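Here come two complexes built around chain A, the first alongside chain B, the second alongside chain C.
Our next item is the complex of A and B:
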């Protein structure tokens, strides 16, 4: 473990560590364009040059390994001068169309210019023109060759992470151009990540282009609900214009670094899967064709429960719900009422690969299994409902029409006294249910999901539930209250603390301990 | 003076195996393979003070010594025949006039470093060179000088010719390796150096064609003999390529350490029409230009370095007093702007910027600040790049501006438009 000094601070790091990594451990961020911790080092941008004592030339921090006794300076006059000069070179042919560039506000050219540049332009001739500006290179991404600083991050991403190699650098010198290979498109399941790693506005996301200036965005840490991988994400939403004319609050989703789960990446289907948050929502409780108050809706559920027996109540919970939602469902329906409860509906497995994408498209299958166990069986519950053996069927989110067919669902509506659908978005099943209850989506929820690695991870509410919708745990608690068996949780964290006490795998956990990296369930 | 590299150039059919054999051909290789060990060969090369004639002047014996013999991977020899440096045209003569001398050098080198495969990377435009070399390889293969069990020994060697595709940067050794591997010719980050991680990730020696052509005579006559031909630490003769304003342009074999004045006036016939010498590039376009006052310099790596230039590839470009040095600088800059591989920011953006600036100065329309800024912009490229190309831009183009400053200033004062 070599000992070295960086800017006067001593540090010991494992052999093979580079200067940029060692500095990071001391909280010193050395500027970088081409360096990305998850990609092979290219060493081409030269912005990371630092002074190493006894070396005549400046060294690139992203490539130079530490050595025992090394003395590094990252802010000496020589270093600052070199940084400024590299920036000048990078900007000499740059179009500087920041006013119409999506990257403005989170652009490393802008940031470093403000920090280290601040010189007057010495360019007295015309800039090099490149061919492709605002050019579509595939279903998701637009390319602007003039904004590209040729750091090759995108090239290395498609070479080493997706191994699809769509990108190359063509031509030479200041006419070098980043492009997709002739006849190729950037069309892979992780294409959107190139937009995140591009340090400038050369690669922009079609889905986000011109939608919102990034300084209007607020960021909420969450977990992608798209599959059981549970990739960590940031929900970027517009804080200044809640619920705009287009009725969308979420502007984009970005991967959030978690080395144990998704590293820096998310798949495209997760990335672009947010429109449902503001589209096609159930906004108020509805009984038959009539909008009703929450009180009346809850009264109807309570009445039905009171007037029947446990074996005539069926509940289809869902692995889309949080652990907290599921625990409250368990408390009321399983522990107190002893009804039939299951979550495992017969879903077709989705697509999957050997990287992030999992066939199970539910974010919380592992959590549902640990909390609800597996006594009842969803298929049997549906059969019972169809044959008139249930008075109450309470469905959380599932589209039964898609899963079991119209006939079955029509029969259920006929044969049950009360057929409840509780969910966030309208689907075909809503038309058959007697009572529709609006619940919030994950982006409006506080709680936890347990991913396929058995990792319990936090999600946080970005904004308030839309319309009259409420958290699932809250609605179920409401029912319990109407039944005179109140579950007096103050909020999801309170529910979680009870899970920790009750469900063995969660022992020792807390919101604080879960933190941003998550915690693995105990066996 | 004893001819070493050009000893066979004047013979009829000098490129044929038959001719080569009649003139002591392949005797040095036989000596090495049958009477010497690899380390003994390396020692002899070290004694000879042979230095890389591709441009950098790195001691050849030392380079071979870096090959880790304990490494279980195959070892490779890569022969640099890209000859891209403007002003340089010597390797072409070797390919076409004495290819077997090169092959003999390749055999001895491969034996010394325990390599069984050599690649010769030839400048793409050198079609005749490639044909002559390939014919020589075929002759050697069918006569037992290459292939399996060379000259009755147990040593095997396969030599492959590979054409370049017209990029100057592919002469830089690591870009060459990338190119050989089928990739775009981008120089690699160093370390690791090719001796440890080279072609296909294996230990590799890269040497220039001329460097390897010296190896046979060294083994035949001994390292000390070769060292004595040249100047201290710069063994042997080398091929100087003289072009530009001289009466007799051409390739001259002369000892390291001869003065530049002697080359220009005694060997290349002096400046035509009684005009005066103004400037000389002593070692290919990458070498900083010298003024007429500096030509008493000894032509070897150390002496040229001492006066701020370099011996480089031996390409001497002579300019008389009719030469516009702003134009000369612009032409050099145009070459660099065209040939920068574009990988690292200072060189990619800087080389084009410098060229545009010089073009403006030459064509008219430049303002005093254009000239005032120029040295700074040029200076910010070198020392900050992945390969030595960036240093060459700074050293070479910078030298015109600093040594002929007045001519640049006059361009601004004249306000002539040359578009």
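Our next item is the complex of A and C:
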């Protein structure tokens, strides 16, 4: 393991480590454009040049491996001068109109120029204009060739990560331009990632561009609920924008780095699946056609439970719920009331690939299985309800109309005393349910999901639940209170601590230990 | 699709390289020799033949001025505009060609007979001002030499 010195600090790193990686370990960030830790090294932008003692020329930190006894300087006058020159060169043909560029605020060209810029232009010649200004290159992404600094990150992404090879650099010298192959589109299941890795405003997201300035955004660490992979994400939401019918709080979702799950990437269907957070929500409890108070709603559920027997209660929990929600459901309906409880409804498997996308479109199937186990069976519960063998059917989020057809659901509404739908968004089943209870969406929840690798991961609330909606665990606890069997949890973390004590696989876990990378469920 | 003849020729070229992909440039040359240009169809064919994504074939074709994406005229003047040639009157030669042919650099006359390209140093500064005329180098140019070439090929 070579020993070296970077900016006066000593460090020992494994052989083969590059200077940029070694510096990172010391918390020194060397500027970079073309370098990206998940892509092959290209070494074309030269912004990362550093001084290595006893070497006549500056070296690029992203490509130069460390050697024993190396002494590296990342901020010497020679290095700073070089950065300035590289920036001047990059800006030769780049427009100087950050105020109208969507990338402003998260642009590396802007950032580094602020630090190392030349400020007074020495350019007399006219800029070479690229052929095309902002234009569509596929269903999700726009390309502005003048802003491209030809770092080829996007080229390497479509070559090595998606292996779809849409991008290339055509022509030569200062006429070089980035584009997709003539007549082709950037159309793959991970296309949105190129926007994240583009260090400048050349590639922008159609869904996001000019919707919000990035400095108005707050970021909340969460997990994508789109499939059982549980990719780590940041929810970017507008602090200054309260929810109204037309205005959404969530502006975009971004991948959050987790080397054990999704690395730096997310799929497009996960990325653009956020509109439901602010649209089509159930906002208050509703009994038949009437909006009611939470108290009255809970009273109805409690009454029905009290006036019936355990075998006449059916519960369809859901793998969309958090471990905490599911545990409280288990506590009340399974452990205390001994009702029929299942979460596995007959869903058609969705699309999948051998990268991130999984056929199971639920984020918490593994968690639901470990907490609820399998004993009752959803199909049987539905059949029972249809045949009048249940007084209470309590459904969490599932659209029974889509799963079992209108006829069946209409029958259930007729044959049960109380048909409860608890969910965040309106679907066809709501119209048949006697009682609709508004629950919060994942972006409003604290809790954990267990992904297909059995990894328990944290989600965190970005903002308050919309309208009168509440967390699922909270609603179920409310019912328990009405029944005189209170579950006195203070919050999801409290529930989780009880899971840790009760469910074997979770032994030894805590929210602190799960942290940002997650923890694997024990067998 | 390559003709059997061309394919046999390409196999021979590609066979000389340890990795097939390395044969990209000579393969493109062989195709241009036969067809006078590299068409989008040829790019697709080469992509399949060498196992290189088509976008990267296009990168090479667009990078080198030696490859033509449109058909060039029977007489192709590639006139050097770099320092030595420029100092010795290269610019006048270029201007003269433009006026005589009525086309700009990169264009071909409507009758398909003449094409003009303005290029960087061809490494033959000792012949300045010079140009590449189809495959040959012609040096010590003057307007008279240009006129002769044009008139002969009209």
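One rule holds in what follows: the second predicted complex is superposed on the first by the 520 of 523 C-alpha atoms of A that agree within 3 Å, B and C clash if a C-alpha of one lies under 4 Å from a C-alpha of the other, contacts with A are read in each partner's own complex, and residues count from 1 in each chain.
What we mean here is this: a contact is a pair of C-beta atoms (placed from the backbone, for glycine too) under 8 Å apart; a residue touches a chain by one contact, two chains touch by 3 or more.
From a predicted model like this one, the values you see are computed outputs, not experimental measurements.
Undergrad: Here chain A is shared; do chain B and chain C fit on it together or clash?
TA: The answer is clash.
Undergrad: According to the contact criterion defined above, which of chain B and chain C contacts more residues of chain A?
TA: B
Undergrad: Looking at A:172 after the superposition, I want to know if it touches chain B, chain C, both of them or none. Which is it: first, second, both, neither?
TA: In the superposed model, A:172 contacts both chain B and chain C.
Undergrad: Between chain B (first) and chain C (second), which, if any, makes contact with A:88: first, second, both or neither?
TA: First partner only, chain B.
Undergrad: Which partner chains sit in contact with A:182 here, chain B, chain C, both or neither? Use first/second/both/neither.
TA: In the superposed model, A:182 contacts chain C only, not chain B.
Undergrad: Is A:45 touching anything from chain B or chain C once the two structures are fitted on A? First, second, both or neither.
TA: A:45 contacts chain B only, not chain C.
Undergrad: In the superposed arrangement, which partner chain does A:159 touch: chain B (first), chain C (second), both, or neither?
TA: A:159 sits against chain C, while chain B stays out of touch.
Undergrad: Touch test for A:75: chain B only (first), chain C only (second), both, or neither?
TA: neither
Undergrad: Regarding the shared-chain residue A:59, is it in contact with chain B (first), chain C (second), both, or neither?
TA: Neither partner.
Undergrad: First (chain B), second (chain C), both or neither: which does A:453 touch?
TA: neither
Undergrad: For chain B, sort through 81-89, 135-143, 297-305 or 351-359 and name the stretch that clashes with chain C after the overlay.
TA: 81-89
Undergrad: Once the two structures are fitted together, what part of chain A is touched by chain B and by chain C alike?
TA: Touching chain B and chain C on chain A: residues 168-169, 171-172.
Undergrad: Sort out for me which residues of chain C touch chain A in the complex.
TA: It comes out as residues 40, 53-56, 58-59, 62-65.
Undergrad: Which chain B residues qualify as touching chain A in the complex?
TA: 167, 169, 184, 189, 337-346, 348-353, 356-357, 359-360, 366-367, 369-370, 373, 376-377, 380, 383-386
Undergrad: Taking the touch rule as given, give the residues of chain A at its contact with chain B in the complex, in rising order.
TA: Chain A residues touching chain B: 41, 43-47, 49, 57-58, 63, 82, 85-86, 88-90, 92-93, 122-126, 128, 149-150, 168-169, 171-176.
Undergrad: Please name which positions on chain A make contact with chain C in the complex.
TA: Touching chain C: residues 159, 165-172, 180-184 of chain A.
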